[in-house]
Amino acid sequence: LQATPAKPAPAKAGAPAGALAGQTVRIAFMDPLSGPFANVGQNQLKSWQFAAERMSGAKNPAGVKFEVVGFDNKGSPQESLNTLKAAIDQGFRYVTQGNGSGAGLAILDAVSKHNERNPGKELIYLNYAAVDPAMTNEKCDYWHFRLDADTSMKMEALTAFIKDQPKVKSVYIIGQNYSHGQQVAKYFKEGIARKRPDIKIAGEDLHPIGQVKDFAPYVAKIKQSGADTIVTGNWGQDLTLLVKALNDAGLKIPMYTYYAGVTGTPTALAAGGDSEVYVVAYGHANHTGELGAMGAEFFKKFDDDYYTFATYNGISLLGAAIAKAGSTEPSKVAKAMEGLQVKSFAGDVTMRASDHQLQQTMYITKWQKAKKGEYSVEKTGYTFVPIKQMDPYVSSTPTSCQMKRPSAS
Amino acid sequence: MTVPALELKDLRKSFGKTEIIRGCSLAVKAGERIAVIGPNGAGKSTLFNLISGRFAPTSGEVLLNGQRIDGKKPFEINRLGLSRSFQITNIFPKLSVFENLRCGVLWSLGYRYTFLKFLADLDDANERAEQLMHMIKLDRKRDILAINLTYAEQRALEIGITIAGGAQVILLDEPTAGMSKSETKRFIELIKEVTIGKTLLTVEHDMGVVFGLADKIAVVVYGEILAYDQPEAVRANQRVQEAYLGSHVADAQANH
Amino acid sequence: MSAAYYEFKPHNIGRWILWSLFALVLLVAPLVFTSSLSQTLLSQMGIAIIVCLSYNMLLGQGGMLSFGHAVYSGLGAFLAMHTLNLVSKNGFPLPVSLVPIAGGVASMLFAVVFGWVTTKKAATPFAMITLGIGELVWASSLMFPEFFGGEGGINGNRVAGPARFGITFGPQIQLYYLIAVYTFACTALMFAFTRTPLGRMLNAVRDNPERVEFVGYDTQKVRYIAFIIAAFFAGISGGLAALNFEIVTSEVVGGQRSGAYLLFTFLGGATFFFGPIIGGILMVLAFVLLSEFTKAWLLYLGLVFLFMVMYAPGGIASLIMMNLRVAAFGRLKELWVSYLALAFTAFIALLGAASMIEMVYHLKLNAALGPQLHFLGMTLDAKGVNSWFGCVFVMLTGIGLFEVTRRHFLHQWGEIQEYIELEMKRRQNL
Amino acid sequence: MLKVQNLHAFYGKSHVLHGVEFDVGEGEIVALLGRNGSGRSTTAKAIMGMVDCTGTVDWKGRQTLGCKPYEIAHLGIGYVPENRDIFPKITVHQNLMLGQKSAKQKGRWTFDDMYEMFPRLKERQHTEAGVLSGGEQQMLTLCRTLMGDPDLIIIDEPTEGLAPKIVELVGQYLQKLKERGISVLLIEQKLTIAMAISDRALVMGHGSIVFQGTPDSLRADAYIRKEWLEV
Amino acid sequence: MEFFTISLLNGISYGLLLFMLSSGLTLIFSMMGVLNFAHASFYMLGAYFAYSTTQLVGFWPALFVAPLLVAVLGAAFEKYCLRRVHKFGHVPELLITFGLSFIILEMVQLIWGTSSVDYRVPALLDGPLFKIYGTAFPAYRAFMMFVAILMLIAIWLLLTRTRIGLVIQAALTHPDTVEALGHNVPRVFMLVFGGGAALAGLAGVIGGNAFVTEPGMAATVGSVIFVVVVVGGMGSLSGAFVASLLIGVIQTFAVGIDSSLMGAASSAGLDITPQTFGYALWKLKISQIAPILPYMFLVLVLIFRPKGLLGTREG
């Protein structure tokens, strides 16, 4: 049951790789595998399993085998706590989750409490996509490591990009009325005021999440405001319907988004026709090299797109940390992970020790018809092409985290 | 002069444009038994609905023991001591006979909306319900759900609920409808028994019942009170004969 | 049915035994199921029992179909959590064990406000108003991070304030016993409620509101008070959930939650007091365990509802009561062979059907992992003709045998029911 | 026209009719009498195919047992249920419309005939039937069935809750039906009217026919009257 | 003026869209009294069927084939499931449709996968119909409005020119009696339920490509269509129509109103600061709550006019 070694091989000090080889690190994946967000969860589970399989054994410095098992948290914070309990009962010491900050914060908090109340049985929480800045700021936790870039970092990158776009003069912000949407609006206003104070905020709209069936009135308002650019944190239906409504009204202005690449959204976007949509993310659809090969193989195997590149970084980091710690024991691995730097698909990435936020390269990509040789996202004939690459420092944001580290050893 | 138990003063009711009750005035002394008769659609049930608060009158007054009750809600009127039964059986189908009756007595014994006392400990309410059950001769059906009773038993229960609250003025709308001769006879006796000392108004079409039960008869025709008098006088009244009686059916019933 | 019959017996031994048994089960359950998952499951069952019972105050006892009961359990949870944080951060002198009551009181206050508009109406308008209010509260729960804590909700630490008798409520088992005490007390109180004048008038309002007005009661007020009381218990369950999870997020006021209360209360059986207890237990099992067991859990859930509503509209409780009635007339023992046969044949049919469902899901979701899948200890080849053929064969055999036994059983059952009817008539006429 | 033989009817397991046998000729009014619960309404329902039953029901030479109620209605049997089963949420006129089997049906009766028969209904034709007075509802059920242009009409306690004058009126109308060649099976409680208009009387007791004969012979038979009818 | 005209146009077209989505529900709910929670699922099925048929034979045949398929499924469901529970009352009827919605959702995911499918607007209707003040009015939207009006007319004819409505209304209280009058009640019920399902399916054919065809699409229209039906008044087609338009227009205009309680308070001399109690509520703009206005509308209408705007009955 236990992931960690049952029979400690006679230790060959200084050569951890040999000692660890053959051990299995089991990671519990908890995200929605049924219900309305199942498509995303299923894809990401496969991505994790795929990355784990590919990078097991000799492919990682520790030589360990990774195994990812899916738990269905149905997107619910409370259910996540149940799946967490189930995972703990089954001896998992590593947990990963990403879909939704609600569940993420619940897991972060529960892992923290569990580790405090059960010394020696610590868990590590690898957060691959929950982007609420709070998780690495006021609510930061020693056992939590974030592989994605949080909302504020993405906005930092985005505003850095917009800064150099002279034709952007007036921006309309539209978002879902909940923490993410509110944060996007807040960080945008902050960032742009710093970098391009001349840009006008033509308007700001927050609408209830998932309740809008018809975005035409919003589009009318945007047009009325005279904005030349839209910034939105919307995702899922709220994004595709907005794009469709813009198309329908013939309002062709650029739109900067966070989540146009999520499973299902490209298909819906493509069905809506050409539109000028940009995405800020830590990756894009047309990577070459190892990641490109992985994408192709993933597509062949699952007939689906590989886009959660955090899985790649996650497994690499974990492998490196285990090798560095010389153990798969989470308390040691966590320590090793702090400040760890590994080579990723786009330069080096660093797990910042102060808040456990991965510092990585960011991209602005554009949604357009795929040319020959470009990756056709979701078989739509469209793709996300990178138009700007930004080094990690660009999107790095300060943290208010006051990390409490375990005192002993 | 004593105040009438129930008094109507120029009561009117319209539904939309049609005026159904066109100025009824009536005074009933305490302890009297009145039968209300009249052709179909004359407005007898409507009259009862106005008195008991199911509808609010368009104009006019209803006085119960001298107090105005028109426009009040049914439950307020009930609390003032007026209770009614329905032409179409109207009981609590999924409660047992005993529970049906107990529901009828609770308010009058002052239990109101309490949820701090157990029903089982309300000795007075239980005793009264048992007693009522005995009066309407349903003791043996105590724990049967009302929906499973026969039609006649349901009618009896209907009367039981009506008198349960101890109201002094009772309105019964066609209490014997749908019963056979023999049952009707039994039933009249029952009604007589349970309403001793109370003021009673009954709507009936069966002249046998009317003449068997009533001290006085009120004849409603087209929303007006055509006559209000002793049974014999009403029977002899020429206009009543024309409008309502005047047939061998009525004679046959009355003479039965 | 029979409950009312025994009401006046001074020493009701049967009832004493039942309640003691209930207490005993609550007491020993965590000693039998000891893993940390099962302990949190047991805790959640206690919470679900309370909320389903409170929901049934509306549905089963008052005939009020609510689509928004989660509003009350959820708001109770939020306020309980705020209270807990007051205790842990500001040293507010309230023992943690009483925090759920704070949740209950808070929900009650909300019900005083919302209920006033809701209970003005009955039947479909009532249901629709609850739907509307539910949607409104749900939408606001995301819009006001100041109170609801945004996406992450608000969290707290139940180890707060001075420990009394060494109880900190840190370990799950301690919390479980707190929940067990609440579950027992709330169940008892809600049962007591059904025996009070208001409880009875609530039944009357359900059956025939018009007549209630003519025996002196204001139906609106009866519904209103009952609604507030139900909200109080819902709030307590919310408060317990807050302690159990130590986090409250907006999902707790969501429409899905309300829908689940409705479905499972009904499945347990709304017409009997104890039905929702079964419903609550099933709710936790379905959501937590069934989904771990199979990817097709929503399909199974849908099918179970479809068949239950069609063949046992009184829920599981009514099935139990029907058999108890048979037992009371001493004829249950004739049936057990049939039951066994039914269960066995149904199992075979289900096995075949479920294997096929699992294979389809496997093909759809995990085809890349190869055609093999393991199901109940069997290895099936989702792409193999043999597996499919085998499953179809098993299922058809099962269905065939089931139909034969079912016919036999129905005949037997009808005969026993007839006997009981006759017997009852006979006893009545004694 | 209608010939019922060895009719047994069941509500679930309870056996209510035990071999009922009678017939109704063309243009005949037959009264079916009996105490409450003797099975008269059940007989009517059995003929209409609304309860489980066995035996034979022969209508114009055709076995109708086992047919659906609407099929039987289409064969020309009309049924006026007891308890005033009017349709409360639709208007009086619409209630009458539903009596017709199809919108195009042209029968012996028109709306005007009905309104002429009961002027009270004409006055109320656009009100919801649910608010009608008890008596008005009773009239409506009768007219509604007539609109379906039946050859045999089974009427279950039509005079319940009607004022004495109207009861007499109904009696006259039943006789008019007969003149138009329609047979009537009249289920009644009130002997007065039944005896006055019927050609033949049947008395039912405990689920079987215990007497058949003319009204006069029934009047003469004190034993039957005492034992199976009133007190 | 420009904004007003465009908003009015948007409001009306959105209203008609709502009507299209809810017309089948109106039909079933008003006639049979069944709160059909699977209505949105039929809508989804319509979209998916249309997607598959479009791939085989093109959009125009799909416009007929898909609703027909949904109708058959609906009728079968009525015949084999719903009918059995009718006698148990409305709550079981509602729950069985609840169960059905689960099953349909899972089936859809099994057959078409968990992601959205690429179901596009036919080329003929892709693009703007006309331009007004520089804003395009899409042709497909006009098509949707047209279909919604057709649905209205069809149901209206069904209700007024045939007696199906009467038969069903009567059968709700006295099914046996209606049958004894010569009407084949079970068949009528089946037809009506199938018809309602077909309308939902048709809405799906048209809504599926106008919006997004994905397994979550049922849930997103789920409750708002109930609002339309209930606000309009149970048993009232015209009510549902008026309610759809009203909700459409109100919601559309509300999006354009950026005033808040705080603004009202400050013009009344009150000073609202972030420290004020309930600041979040004070600063809420009307535009922010526009999409949930229908629910407020619902609650208010039911309190003050429980029959609904044009309804005739309460239950």
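Order as written gives the chain letters A, B, C, D and E; numbering starts at 1 within each chain.
The working rule: contacts are C-beta pairs under 8 Å (C-beta built on N, C-alpha and C of every residue); 3 or more make two chains touch, one makes a residue touch a chain.
All values derive from a computational prediction rather than experimental measurement.
K.L.:
What chains, if any, are shared contacts of chain B and chain D?
P.N.:
Both-contact set = C.
K.L.:
Which chain has its C-alpha centre farthest away from the C-alpha centre of chain C?
P.N.:
Result for max centroid distance from chain C is chain D.
K.L.:
Decide which interface, C-E or C-D, involves more C-beta pairs in contact, and give its chain pair.
P.N.:
The greater number of contacts lies at C-E.
K.L.:
Round to the nearest whole Å and give the separation of the Cα centres of chain B and chain E.
P.N.:
That gives a centre separation of 48 Å.
K.L.:
For chain A and chain C, let me know how many angstrom lie between their CA-based centres, rounded off.
P.N.:
A distance of 37 Å separates the two centres.
K.L.:
List the centre-to-centre spacing of chain D and chain E in whole Å, with centres computed as mean CA coordinates.
P.N.:
Taking the mean C-alpha position of each chain, the two centres sit 45 Å apart.
K.L.:
Would you please write down the residue numbers of chain B that are in contact with two or more other chains?
P.N.:
none
K.L.:
Spell out, as numbers or ranges, the residues of chain E touching 2 or more other chains.
P.N.:
109, 113, 288-289, 292
K.L.:
Where in chain A do residues touch two or more of the other chains?
P.N.:
Within chain A, residues 42, 177, 206, 208, 211 contact more than one other chain.
K.L.:
Taking the top-of-page definition of touch, could you list the pairs of chains it picks out?
P.N.:
A-C, A-E, B-C, B-D, C-D, C-E, D-E
K.L.:
What residues of chain A sit close enough to touch chain C in their complex?
P.N.:
The touching residues are 33-35, 42, 46, 71-72, 74, 76-79, 81-83, 85-86, 88-89, 100-102, 104-106, 109-110, 113, 117, 132, 134, 139, 177-180, 182, 206, 208-209, 211, 301-302.
K.L.:
Show me the residue ranges of chain C that touch chain D in the complex, using the header's touch definition.
P.N.:
Against chain D, the touching part of chain C is residues 414, 417-418, 421.
K.L.:
Under the definition above, what is the set of chain C residues touching chain A in their complex?
P.N.:
So the residues of chain C touching chain A come out as 35-37, 40-41, 44, 139, 142-143, 145, 150-153, 155, 157, 170-171, 241, 245-247, 249-252, 287-288, 291-292, 295, 297-298, 365, 368.
K.L.:
Can you check the complex and tell me which residues of chain B touch chain C?
P.N.:
By the definition above, chain B touches chain C via 52-53, 73-75, 78-79, 83-84, 86, 90-96, 98-99, 102-104, 106-108, 111-120, 122, 125-126, 140-141, 143, 161, 164-165.
K.L.:
Under the stated contact criterion, what part of chain D meets chain C in this complex?
P.N.:
So the residues of chain D in touch with chain C come to 13-14.
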